[in-house]
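Heads up, there are several structures right after this.
Shared between the two complexes below is chain A, which pairs with chain B and chain C, respectively.
Let's look at the complex of A and B:
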């Protein structure tokens, strides 16, 4: 084979790879735009502020949890206890609030409880080297029991004009507080991932844990921090959900959110085997999932049909994104 | 023309970005022949084998196997044609039984279920044909010695009707008796009419077992010689392309009275489990200490103990005059120790991260304020070392996984250079690196020592040690078999010490 033909073949191969990369990088965006376009065409009244508001508020807990999950998965781990941690944080806040502890201490208590759950996860995973999926599976099951125990009864609710409920309905400059928190959380995580030593250490651990140890990265502390960070985001999601709905249902709060969150991270392109944390991708993923639910609702789709519809969409996006 | 060649490869060319790994190489193996493929590391032996077995695709040339032109595209295909490879690291399933490993993927079945009786009796008979008896074939593979595991791999190949067996360094982890057993098996394989390609660094084995040798150098064919026409010295000269005696000369000028300098590392009686026993090591600032030893001699364990990656059961370590209690690599790093692992891929690189991130992974704390990284400072460090070490990369942001082995190794060296270590431990720093980059890395190491850093360098390539080191410690079976000062270093002396092991003959008593 003449040499020039060989190099041009190599060049073509490289270009094909590069294009493949483009499909992976921009595929999700185009998919989002395309599905939005199609839905807008078929769904009367889709393009309205109401829909946007509705979608974003539904996306709120998924997004917060998925942001945490992105870091966990970037470190090469997984956290399926996120829903249970939402419930624990919600239960602690609710219990404190009903015992007249006041708004700020109730919220702080819930966040602290979430953080402690993360510390528990992180310690078992990094110090005692138990598989993340096992540790968080245990917390997922036992945690929900704990949440119900803390709350003391199946559910509590607050009056419409209680300060906790007012917090949930609060608007800042016309924007619902959930959206403001969401923007702040995304901005914070973008900063963390792009700029901090912590995130680089997390990515390094996810990319090659042996090399990370030999280069002197504090794996114990970093891993523990990842799970604490994820749990605190879950706690905020749980507490805000309680505030929005004006009540705590310890058995149902955050149930199955781990699936949505993991799907969002996967759609966003963070690898399951660790490495680069893709915050923007996660944001898109976390918006696509509730969007599908909203679209289904606006088209009078039944709930159980909507679930199947959602699964189809998730698989579709993952096919576009799949790595060879 | 009568075709007496089982395999005929002609005009094989293979290039990788930046390296011509094979240039117009001819290689042929006759029926029923044991053929040695010889050359230094990086000569193109493994590339040639990978082209043959379909792991790499050739750029040009022709392969004729058993009178048919072939172009395998993967290992399974070449195996199907009758070419089986026994690798250094066996690609078997360690937790399955010996019998299962031999028949994996084509288990004899009865009523749709695996027929264990047949599988085990057939496994026994295949091993028996090879002259290997007394193996419990129903026990998991990893409960047997490496030698038996290798036999299982060969048995598997034979049961697949392999016409050509490729053995890549098959004896590297075998004892002498085990190697003898392997040679018996090879002779039987030959008697059956199959051919063997034998790759080994151990010259004496090649002379013992092979009929013919093909020698490669820098990706080119040097020639094919009947073993009867060769002597060890002649073979070495052909492999390195220069007069053997001149090459083995040291690159370094002999000794500079470094022993009088203050010791950076003083280790006494290092022991761990059964793998290292009572090892003493001294290295002065600016000194390069070579550690020679075969696989399993405890050389890598020694490096890991000194870096805190493995904890020693006994012994004392002093680094720069202070007692060191190393429980994790972080402890060692804090005292100024750096370490490059022998396995770059598994323990060195972050493949999906950038060159810059790989280089600065250990100093992110110093390049940041309040946990926030300065990209500018990172860039500066990366660019400095890219220029200084001549790292070939499209820029600091290139993905590490895309770099060649030699350039990856330079990045990993830079990772420690930028930490300014007092003691640098290098485990096989030149493994799998092409010749040009090798000599550059040698220079980097010499430069490091020139700045007063103590260097401990492990290598299985004697020439590398002889060229670079001020002092060589020879390990054998976990013990220090001896030590050679600059004036005493010669390949002969090292080989003697390696051979005599922990039962020192008169030469090996040089240990103090």
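Let's look at the complex of A and C:
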């Protein structure tokens, strides 16, 4: 008799926990939908293709960086050097391009430089056991200086009809190239997370690094791969931003994007202490963050009001979803 | 005799290990003094001490937070809001210009602490969001202007207000005196009060500290309030220096403060280190840009960032090697 009472109590407890989790998940999405609906209602001309286009173009760098950040956070780490890596990749591409290396080698060089930064991060974190935040802080501080050194001056611009600038304006089947890259990157990351062992290993490291090592996962290689993947996505974002704007501003390129990317991952629901990578959530987060800026702009509000809104949204989402 | 020299040798190595930041600082100063005659002049030293006073205060508050196992990325934003509050409050009631910024700092710090303790948000994320939000608040409080450049405005302040930053007592600038006093208080609090010891316990292991019966939440709240208060005091110095409202004045300060704490020998894992050593990190990071100025060759300004980054990397690598040897 006490036994059955016990199990039913346990069942009720389990149901309560499940309900709580539902409240957590649906709470976040309804909070976001509601706030979006309200703002859309009060924003003149919100429901238009122009808004969509504008938001997606602005979301492009944030989304790419946030996809990489999702994997990094899934492994229990963090990468605050993403903006600096964008600047390094952009500077390398710009330097190669201005010294007449041609379009393809410039882009490849920038991506390679980004990958090397990721390798540096990953090696120091996994081999030397230094905390991710400190390693990437070093790259964040030194990297921006490095980017300006590579470029040789604070900024460089290209002529309007140069091939790099044409690349940034290129359209595939009527879609801007940024949107095509975005779709491809999301598809790739969904495939990686859903179908590969690599993502399971990353998740295992994020959940419990010691157990992961005992199970026989190569922590060194997996961690390095995660940071290289993140950095390559940052490099693509940086180079495409350079191509779109037709110039490199090594001091400003990608500045503060780590905030937007981390906020996007937070809204998306990937835990900061490692674990499951939620790609779809990150995509939604990466669209919402620039959308806040776009809506604020359309309502003739100032940028700093958008900053406060972003902070309120991030804190609100995390308070609703807290794991207690 | 042999054993004597051996003990001396290990003694020297131990000193270098435990006093690493101090050794680095002394080496840096000796090199600077030999290479640049202008370095050791009192004018230059007074200038350095004025310049480091603000982020020295930030680093002291940050040291408490990092010792407790947390981090506070919002200190730069708090400092700039505090500086604006000081100038705005000073228009209305002069003494408020001194009290208000510190109170504002403590209040924002309390909000950070509440988000982290009761909200259960990781410190890194909570203070990152606050960094953004508080900076936005700074622009709102600054009032006029859509862009940063337009928002900068000179404020008429009472005659005594700039003296806080500019003035000196027997040749020692007031900001340096404030920093030294704050350092003294911080060392005493961390060594001789139960709160100070509980910060170390919480940073070492929150779980263990809770089981020992320490009020972990209260300790964390206090830590973030102290950090906010220090940032507020730094904001007061900033206001007194600028005499103008500039919401972008403190960009990147939080990183410098964290770097100073780490170079001072407090690892980000918390629970270890000495508050007093933070001042070495502050001095090292303050002297480097000064040395670059003395080089007088056309070194572009961004080299400062690179050198700071490399230095931080070297210190962190050393710490990791020492920690590895310690566990063996």
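By definition in this document, the second predicted complex is superposed on the first by the 306 of 324 C-alpha atoms of A that agree within 3 Å, B and C clash if a C-alpha of one lies under 4 Å from a C-alpha of the other, contacts with A are read in each partner's own complex, and residues count from 1 in each chain.
Criterion: a residue touches a chain if its C-beta (ideal position, glycine included) is under 8 Å from a C-beta of that chain, and two chains touch if they have at least 3 such contacts.
Note that the structure is a prediction, hence the values are computed from the model and not measured.
In the superposition on chain A, A:157 makes contact with neither chain B nor chain C.
Using the contact criterion defined above for the overlaid structures, shared-chain residue A:196 touches chain B, although it does not reach chain C. When both complexes are overlaid on chain A, the residue A:311 reaches chain C alone and has no touch with chain B. In the overlay built on the shared chain, the residue A:275 is in contact with chain B alone; chain C does not reach it. Looking at the shared chain after the overlay, A:169 reaches neither chain B nor chain C. Using the contact criterion defined above for the overlaid structures, shared-chain residue A:214 touches chain B, although it does not reach chain C. Contacts of A:204 after superposition: chain B is touched, whereas chain C is not reached. Applying the stated contact rule after C-alpha superposition, one finds that A:54 touches neither chain B nor chain C.
Put chain B and chain C next to each other and count what each touches on chain A; the higher total goes to C. On chain A, the surface touched by chain B in one complex and the surface touched by chain C in the other have no residue in common.
Note for the complex: chain C touches chain A at residues 71, 115, 119-122, 124-126, 128-140, 146, 247, 255, 258-259, 262, 268-269, 300, 302-306, 308-310, 312-313, 316-317, 320, 324. The residues of chain A lying in touch with chain C in their complex are 78, 124, 128-131, 133-135, 137-146, 148-149, 251, 259, 262-263, 266, 272-273, 302-308, 310-312, 314-315, 318-319, 322-324.
On the side of chain B, the complex with chain A involves touching residues 15, 59-60, 307, 309, 328-330, 333, 339, 341, 346-353, 357, 361-362, 364-365, 368, 371-373, 415.
By the touch rule above, chain A contacts chain B in their complex via residues 1, 6, 195-198, 200-201, 203-204, 207-208, 210-218, 271, 275-276.
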